[in-house]
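Next, two complexes with subunit A in common: one pairs it with subunit B, the other with subunit C.
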Partner chain A sequence: MARRLSRRALAGYAAQQLLDGKTAVLQQLAAYLIEVRRTKEVDLLVRDIEHALAASGVVVADIASAREVTATLRTAIVAYITKATSADDVQVRSRIDTSLVGGVRIRTPDAEYDATVRRQLIKLQAMKV
Partner chain B sequence: MTNLSVTELSRDLRDAIAQLETSEGLESVGIVTRVGDGVAWVHGLYSAGYSEVLEIESDNGTVEAFALNLNEDEIGAVLLGNDSDVKAGARVSLKGETLSVPVGPELLGRVVDPLGRPLDGGPVIKTKHRGLVEREAVGVMGRKSVHEPLMTGIMSIDAMFPIGRGQRELIIGDRQTGKTAIAIDTMINQAKQKTGVVNVYVAIGQKLSKIARLVDRLKEEGVMDQTIIVATGPSDPASLLYLAPYAGTAMGEYFRDNSEHALIIYDDLTKHAVAYRQMSLLLRRPPGREAYPGDVFYLHSRLLERSAKLSDDLGAGSLTALPIIETQAGDISAYIPTNVISITDGQIFLETDLFYQGIRPAISAGLSVSRVGGAAQTKAVKSVGGNLKLGLSQFRELASFAQFGSDLDDATKSQIDRGRRLTELLKQAQYQPMGIWEQYVSIHAVTSGLFDTVDPERVKDAQTALLTKLWSDHKTEMRTLNKGDKPSDDVLALIDAAITSVAKGFEG
Partner chain C sequence: MGMTNVYLLATAATEGSDDLLSKLGIDGWTLLFQTIAFLILVFVLGKWVYPVFVGIIDKREADIAASAKAADEAKKAADSASEEVASLLAEARQQASEIVATAKTEANAAVAAAEDKAKAKSAAIIAAARDDIDKEIADVRKTLHNDVIDLVTAATEVVVGDVVAKKDIDTALIKKAVQGAAK
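Coming up: the complex of A and B.
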């Protein structure tokens, strides 16, 4: 029986292929996941690939805010992520999430900067004795 | 050789500092992938350390957990709170510290859970210090041989299996044989003899009603003021049961490290091993013998190794451990009992048969041993207790032969009679620990042969009369004897006179 490949090993391989411009790896990966019945892990695998990419200098950041992010703020956020993660290339996905109430949340593959009102409220709740 | 530029080094260091300061806001996070049975599996947090505390976001604030399985793809974390509050997809962050509990004198007199939260309805405990739950034991050079006695107040233990400060002495036996009673009496004796030893009682999965009764009793006896109780009940999560002895040890270590003396009782480590087995199986660790994980020996060895007598350089404090193990049908060769027997410095084995014969404490003279306590025994008790163990073992063997009703020679008869008296003498009611002078006088009365005329059925009455007489007539001498030194010839003469006088009133 073939040894079960860890998600991190798969992600490392996929990230390297993507960095080399070989996008066909996604087809291979999909076929492999179906073959070994691990399609449920796809979300976690994507996170792992993003993590492996970040280690190579390509950071995919997810920006969530209660209202539309202005161009100036977006530029500042990219600059912040570039500096904080020492990334060569920062790719940003932004979305509106009204449940955050206010402020902005930046998520990189393995870290988070949460300056939302929702986070402050959760912290207050946790402090409640 | 590489040429180093100091100017560049300085610039690089400043850049690194600037970068770290910038990334301060970025917090390492992961997500819960699945949760159940008190265990959460977390994706991400690749920088998490073993035993590091994680904070899991929930609808009711946060739930803490600690990382026990660091796998390539995920972390297995054991929850310290209710698992129904944790949902898959919940955000997990690192707390940046390993588990610690409040320690210090502020805990004295309190009943707490393994995280130091009060369970006695009292105010929140605010201490100046915190102690690490998992901590390395003191090294070789930081230790000293056990040499100071830790009197239990139980005559048969102090005379035959003496315990020293810093020793680990196992109390082992079937259920309902008086294991906890020995531990409680030892705690009470510390208060009665004013030894200054702090008691830490760790209840692992004990019935809450039993803990409540214990607390009431300790309060009645005036012991609670120098006692900390770490309590976990059967309904608590396995993680808390697992942590309880380590948390209690951290609390005891505070006193040990501050040149004081502490006594810790783990009641009991069988339940602790069972809780750890539950956690390990849920964490998918491979089961071994009796389904316990491979590191179940290390679980207890690293815990008990923290009990020690410190060297003078480290303040000469001590932490004495009395772990308790429950056996099934007297089988001391089971997995956990043999493990703990090999870790500890001796064991007190309690037998069901003796218990039901009315010999209480039901200590087996043959199977019990104290490997290092002899050096710590007081001179007074040592002088009379030297041959006690051998004599008692011989008596029990001879007594079994005597049952066949064969004619016995006078020497054997006398040995059996003395053994019967000794057995009666060593019976001791619960909550009545005895001082050194009481133990010395009682044992001396029988082993010297001065009580040979006393009816074996009336030995306890004769003992009470003797102790009362000596205390009322020779209080000063008895107080001196209570310090532990061997009595002078004058004192011995007056003790002998008192024994002879009392023996006349109880002749059989």
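Coming up: the complex of A and C.
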């Protein structure tokens, strides 16, 4: 019976493979998780891979906004993330979330910057006693 | 009349007593016996009868004196009793006055204590009512505060949502946020 690999080891291996351009590792990883019945760890594993990539200078950022971000703005956001994380490369995943009302929310493996109207409204709601 | 008889008796004595007494219709012996009987009667009365009456009278007098004395003593006793009654009445009046005064004092003290107690109780009730009112006011204020926040949040969401619905404004907002974060 194969030794159970730690999630951290799997993430490190997958990150290295991705950095080497071997995207097939993702399918292998998915198959492995299904085989060893660890599919519940997918989200955590993805997060660990992102952390491993970030440690290697590749930052995966989630950008959420109420409307589609223009290319210019996207460039500005990437520049900001690059500067803030000292990353060599920034990969962006954009998502439209109308509940944010306005503004933008940027999430990296290590940080989150929330400049949405929703955040301000939540802060306003937090003033309740 | 008396002088006449004396004269006649004197004459008879000088002329012969028997004759004179006879002329007067008086028997000498009878007179003698009557005299003796009289003396005996006087003696008997003086010896046995009069002392009894005198004793009775003395006893009666003593009884009367005793009665008078008793009456006098009774009067004195009555006077004394009257004085004692008056003294007792005065003492009773004084005691009654003292009792009434004490009762008034105690009643006043009880009334004062009751007033103080009632004041303290009313003060406590008022304080408790004020606390309740303050608490209710605080609750109402809190509710109002939260309601206002909900209202402001909802209104802001609608207004701001409408404003930032214009893409330029949202873009400007994001740009400003990114620039602000970069600084």
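The rule we apply is simple: the second predicted complex is superposed on the first by the 124 of 129 C-alpha atoms of A that agree within 3 Å, B and C clash if a C-alpha of one lies under 4 Å from a C-alpha of the other, contacts with A are read in each partner's own complex, and residues count from 1 in each chain.
Heads up, the rule we're going with is that contacts are C-beta pairs under 8 Å (C-beta built on N, C-alpha and C of every residue); 3 or more make two chains touch, one makes a residue touch a chain.
All of these numbers come straight from a predicted model, not from anything done at the bench.
Let me test your reading of the model: by the given contact rule, A:Arg7 touches which partner, first (subunit B), second (subunit C), both or neither?
In the superposition, A:Arg7 touches subunit B alone.
Which partner chains sit in contact with A:Lys83 here, subunit B, subunit C, both or neither? Use first/second/both/neither.
Both partners, subunit B and subunit C.
Quick check for you: in the superposed arrangement, does A:Arg47 touch first (subunit B), second (subunit C), both or neither?
So A:Arg47 only meets subunit B here.
Regarding the shared-chain residue A:Gln125, is it in contact with subunit B (first), subunit C (second), both, or neither?
After superposition on chain A, A:Gln125 lies in contact with both partners, subunit B and subunit C.
Using the touch definition from the top, say if A:Glu112 reaches subunit B (first), subunit C (second), both or neither.
A:Glu112: touches subunit B, not subunit C.
Would you sort A:Ser65 into first (subunit B), second (subunit C), both or neither based on which partner it touches?
It touches subunit C, and subunit B stays clear.
Counting only touches as set out at the top, which of subunit B and subunit C does A:Leu73 meet: first, second, both, neither?
second
On the A-aligned overlay, A:Val101 touches which partner chain: subunit B = first, subunit C = second, or both, or neither?
second
For A:Ala24, select first, second, both or neither according to whether it touches subunit B, subunit C, the two together, or no partner.
neither
What is the shared patch of subunit A, the residues that subunit B and subunit C both contact?
80, 83-84, 113, 115, 125, 128-129.
State the interface residues of subunit B toward subunit A in the complex, per the touch definition above.
Within the complex, subunit B touches subunit A at residues 19, 22-23, 25-30, 33, 43-46, 57, 60-62, 72-73, 91, 93, 124.
Residue numbers of subunit A touching subunit B in their complex, please.
So the residues of subunit A in touch with subunit B come to 6-9, 44, 47-48, 51, 80, 83-86, 106-108, 110-115, 122, 125-126, 128-129.
Which residues of subunit C touch subunit A in the complex?
For this pair, the touching residues of subunit C are 142, 145-146, 149-150, 152-153, 156-157, 160-161, 163-164, 167, 169-171, 173-175, 177-182.
Could you please specify the touching residues of subunit A with respect to subunit C in the complex?
65-67, 69-70, 73, 76-77, 79-80, 83-84, 101-104, 113, 115, 117, 121, 124-125, 127-129
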